[in-house]
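As written, the chains take the letters A, B, C and D, and residue 1 is the first residue of each chain.
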């Protein structure tokens, strides 16, 4: 009792202040994310107006395109699944202070090896649902392993070769796209197909649709996304490995002091991150694509994921709303294309602006301080 | 051995690697495929290699100045896109689909000015508002990929421009911009290692406090280098366009990863302008060697050979990974007031 | 077969006219293609019965390629001038999205949806079933058994063969024009591809066969720039080939092809255009574009759009061809070279076309792959 | 020596950082051609005050006069133009650049647009000749290749090159051997005789008394008064600094020693740049014993300790803990084996600044039950641990949710000590356990270490503070250039003996000299 009294004298005040700061920083992060997005969209609307389009219509189409119908919601959720998972992959690495710019490449090799392994295994596995489940599980495992290994590579190069992971992962993205592209066009191409692609996955490799009847969105995919988010959140906050990882990200010297082997940590972080990226690749081919095609046409999920992760302040839970935003914008851009004449690159530009503003939280702190909004700046 | 000496050694090593790699590749393959080496290594090959290296070199010099001063400008690719687009737009505005050589030069200047202005905004975000350099740089790329084709679509009704014109060759069948780039490389080297401002740039990236206490405004130095880096990337994009003769905004645009290669080039060149130019030339030559292989019928997949520079970068970064990155890259510098 | 014959007659009648007009229309059409679209608010368009609403979904290369995709749009542009018709362009470069984009477009109530490129085949076989009342048009493939899809196959192999014939003839001629000339001593020609993929490999192989049909002693240098958008890369490949003796270069590099023309121009050699009359679409290079190997894809989209307007879409359901036999693939002389080129060229082209019409020429590669 | 207007006069300087008042209406006067010592504990505001004078900070109120003229310094450049130079505690040198480039940085002579190295070289050589510096032989060497003493001389030459009439030296003796300190004192004397005015920031009473003409004491940001050095004593100054009497007495010691717990044989460890820094050290720590290691910083103590705690892999040799060789075991294994470690740098190693104390309580414990089981963490157990440490070690503020970075140095250190002792270790390695800690906390930490020793734990302690070494150690090993030069009984040696050993000398050569002051300078 005497302790708490002592605390209430000097410490109590500090206590309250500290608690408020802690809360403020979470609120502040959310505030910054919302402000960045709003500002970017506002600029987009101004650009639309300035170039002769109707901004109100554009805005309403963004909304309708993302959430206006069951189809739109399904489409949004489908993209969201991919953005969230790749976003989590990025967040894992960033949390540990490793800049994995290579999620795109890990996503590509993961998806490709899922397809290849399923097609190869299909000859040995009976058709039917059980066989399909076996194929999907083993294919997903192949994707996870390949993605993990491809992520481990720059980790090893950083740990033992002192090679900057930003550069190596960028290079490995180019290599993944080029090499898988070559494999798809050549050795693994479907000789029957006229387009550049692998053979299709067997018919029993299919996830239950269950939601909105969209053939490319499965409840399994959504559950997998939520499961991975929860798993990663638990790992980072509740396990020794997570503590080691996050500590390395904040202060590697302190992590080393506490017994973390820095080299191994870099490698295991990159592997972990790559595994999630590989898993995303597997989900992508099983739930959506059904075969593999030239990866240069697969979309930049791995790059956009960097923005998703950042918008979420690299918090695995925060990745959910951030992924939803990106999924919504992607979905809306498809709708805008079909139903309006605004060049869709405007939406790409808006995404760029969101990222730019998210990178500069100080901008909003100063704006907040100037305008007196959002309380006192630190 | 002092700093410049060690850099000179690194540079020499790099030139050695360049020549070695090319010679070995050329000799081995021409031996295997029984192709006359003179068909492979032609004057045109050298010219194209130089032209390929030119925009990369310019962007790389900009990037290395920024990074030397402690700011990682990962947005070079984005600024190159803006540079290329602005050049095309200006040429089109001045001369429609048949601009004159004068228009080309004016367009290059305009592109540099526009890039400078855009980078100034970027620099304010990075330095005054302490934006995360990696993320903001990526954002510049996204913004470039979005807005340049968007504006192109508004101007031309298509993300790609119609054919405009490319710059006329000068002596020895070389573009004047190649010569200009050689001059820029030399000047950039002298400026960085022989002038007081160059000292300041180096100090800003290694120990900004030391520079501050020596009475030099660190952030002013960084503003200068960051803006310079964007201007050079824009210049690089302009040169790319002036050689190509039209703007292509589909896919990853005509810049197509050259900004990223520029970053790799200066890391490869150990932050030395001459080294960066040598590295850019290495990449350019590898790329063009690949074309030569196809032309003379050496059957290796173009797609695979195209990956060679990237693999080379990985090998060199890992095996010779001792690229010394300036001590405080990425950290905003805060003076107390 | 008799039904089919009737169609052939009808389409080939328009075919010739459209082929020649295609280049010019493309030049003006594409300038506005990006902004025009079908206008906003077409959500429930088409159902009101007055204006026909058409949507066109791109191939992975996207629009603004000055070739394949734009050529398809061009037919719609022309149709919109002549009929009460509006169209919307939907660019989708990710193959994985086709199934969903097609369905979304179908949900938006268009009278006709055109899918450009073979990559649409698999998703469309699903969606054609899913939306049985929707009229679809697929370019470069057919959907077996679907009674609501008009599938159009462009005989790119035939088109490429003609380009090969033209190149083979011209490299053996001694020909000069405004600072450019052939090399009468050597007989070497070039081919520049965009991406190194089966579709373009089929162009390459058919082109080589065309050259060798003229004279199998002619050397064909081939190379790929690695991209459909990087003019610089295409330029480098073409220059390298010209260095190595090529005096006529043809390309299948979409928007990047401009680099091939500038290489020819800078080095005093000649080039050939693809898909449309590129001496018109890329007219700053008309002094080196001897001619272009063209296909009337615009004709196809125009024809089907017109059929929808007139309510007789069903006549075009099933497999349709753009071929030499139907008059919708041809070689056209560049606008600067009308009447300038040696007779050997037109004679050989004529022979080759007759060869196809009489089934005398067999090609290794199909229209989209080998 | 003309003594008209004072070289520097500060009037009523107040400097706040947020709510913290670092300087509170401080007055300070530096006479021409004199040395003025600025004394105070860490955090008393000495460096802040000088940074205001040097144009690094803007004061909230108060005026600066140089040579009788009121000045406002927007930047160090303004201060330099007015002839004020500062040698910082952390050297302001650009490591990969050469000595010459560092000296002229910001004041480069140019010719034809490029730096005129020749004239710079001549001028620097001139300065070196005048004050007897040796660095002119190394003008083209990158600064990072010089030792700390030479780097300090580069800093001084840099200020002189810039034409400084007033030189501010911020704790210049912290990294020097007593013998090097003598050399510095000579340089300072020469500078004074040359008519320059010097401000000497220190917390070492003896040094201030020895060299200064006047002494100003700061405490909690306030000036406690200025006294002529000739008219004051150490205990007067100490009272001014701390605000109360300070005991200089050695603590009672229980000499009984137990079985050896930590044995090191012929240990060899390399430093960051691959050079061998520990060149064959043997040592033994017994149960219930404190073995102190004295030495000038940079003689291999850090590498030795890192070799023992597992942060650095030894090249060769044996580290035996309770009889088992652990030289090949990882840092984590050694923590689990029972080696606790109070690290040299609490800011970067001992605490994660952005973590709450609770999360920091887990640092190093993340594999140990009850905090972790099967890889999962038990945050309740960690929180209890944090609360215990906070209570037992009187950490302020007593809130486990507080971020470490908001704690004062002393409280941070108390928390680390508490956490490490909480490991229930067999051996505690303590590196500079009270560096930068306020006096109250020093006494507290010292008591805890003694308690731990009395419980039978073997303690290996490195400190650069001789009085701390002498006060706590049962035996003292003196380290010089990677080797132990001697192991001595703390009762049997004086501080000057230790100083001599630390400089590589031996006790046989000469036991004492007059430059050493009496035992017991207060330090913090």
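The criterion applied here is as follows: a residue touches a chain if its C-beta (ideal position, glycine included) is under 8 Å from a C-beta of that chain, and two chains touch if they have at least 3 such contacts.
Everything quoted here is computed from the prediction, not taken from an experiment.
Engineer: Report which interface contains more C-beta contacts, comparing B-D against B-C.
Structural biologist: Counting C-beta pairs in contact for B-D and B-C gives the edge to B-C.
Engineer: Express in whole angstrom the distance between the two chain centres, defined as the mean CA positions of chain B and chain D.
Structural biologist: Their C-alpha centroids are separated by 45 Å.
Engineer: How big is the gap, in whole Å, between where the Cα atoms of chain B centre and where those of chain C centre?
Structural biologist: Using C-alpha averages as centres, the distance is 36 Å.
Engineer: Between chain A and chain C, tell me the centre distance in angstrom, where each centre is the average of that chain's C-alpha atoms.
Structural biologist: Inter-chain centre distance comes to 38 Å.
Engineer: If you average the CA atoms of chain A and of chain B, how far apart do the two points sit, in angstrom?
Structural biologist: 29
Engineer: Send over the residues of chain C in touch with two or more other chains.
Structural biologist: Only 34-36, 93, 196 qualify.
Engineer: For chain B, give me the residues that contact two or more of the other chains.
Structural biologist: Only 153-154, 159, 251, 301, 303, 306 qualify.
Engineer: Touching at least two other chains at once: which residues of chain D meet that condition?
Structural biologist: There are none in chain D.
Engineer: Identify every two-chain combination in which the chains touch.
Structural biologist: In this structure, the chains touch in these pairs: A-B, A-C, A-D, B-C, B-D.
Engineer: Once bound in the complex, which stretches of chain C touch chain A?
Structural biologist: The touching residues are 34-43, 55, 60, 88-97, 99-101, 103-105, 107-108, 117-119, 121-122, 126, 140-141, 195-199, 366, 368-369.
Engineer: Where on chain A is chain C touching in the complex?
Structural biologist: 54, 57, 69, 71, 75, 78, 185, 189, 193-197, 200, 214-216, 284, 288-290, 293-294, 297-299, 334-335, 337-341, 343-344
Engineer: Given the complex with chain C, which residues does chain B contribute to the contact?
Structural biologist: For chain B paired with chain C, touching residues are 39, 42-45, 48, 52, 97-98, 153-154, 156-160, 162-166, 169, 240, 243-246, 248-254, 256, 287-288, 291-292, 294-297, 301-303, 306.
Engineer: Of all residues in chain C, which touch chain B in the complex?
Structural biologist: Chain C residues touching chain B: 30-36, 61-66, 70, 93, 196, 221-224, 226-233, 235-237, 239-244, 255-256, 258-259, 261-262, 266, 282-285.
Engineer: Okay, in this complex, where on chain A does chain B touch?
Structural biologist: Residues of chain A touching chain B: 47, 51, 99, 157, 161-164, 166-168, 170-172, 174-175, 178-179, 181-182, 185-186, 296, 303, 306-307, 310, 343, 345-353, 355-356, 358-360, 362-363, 366.
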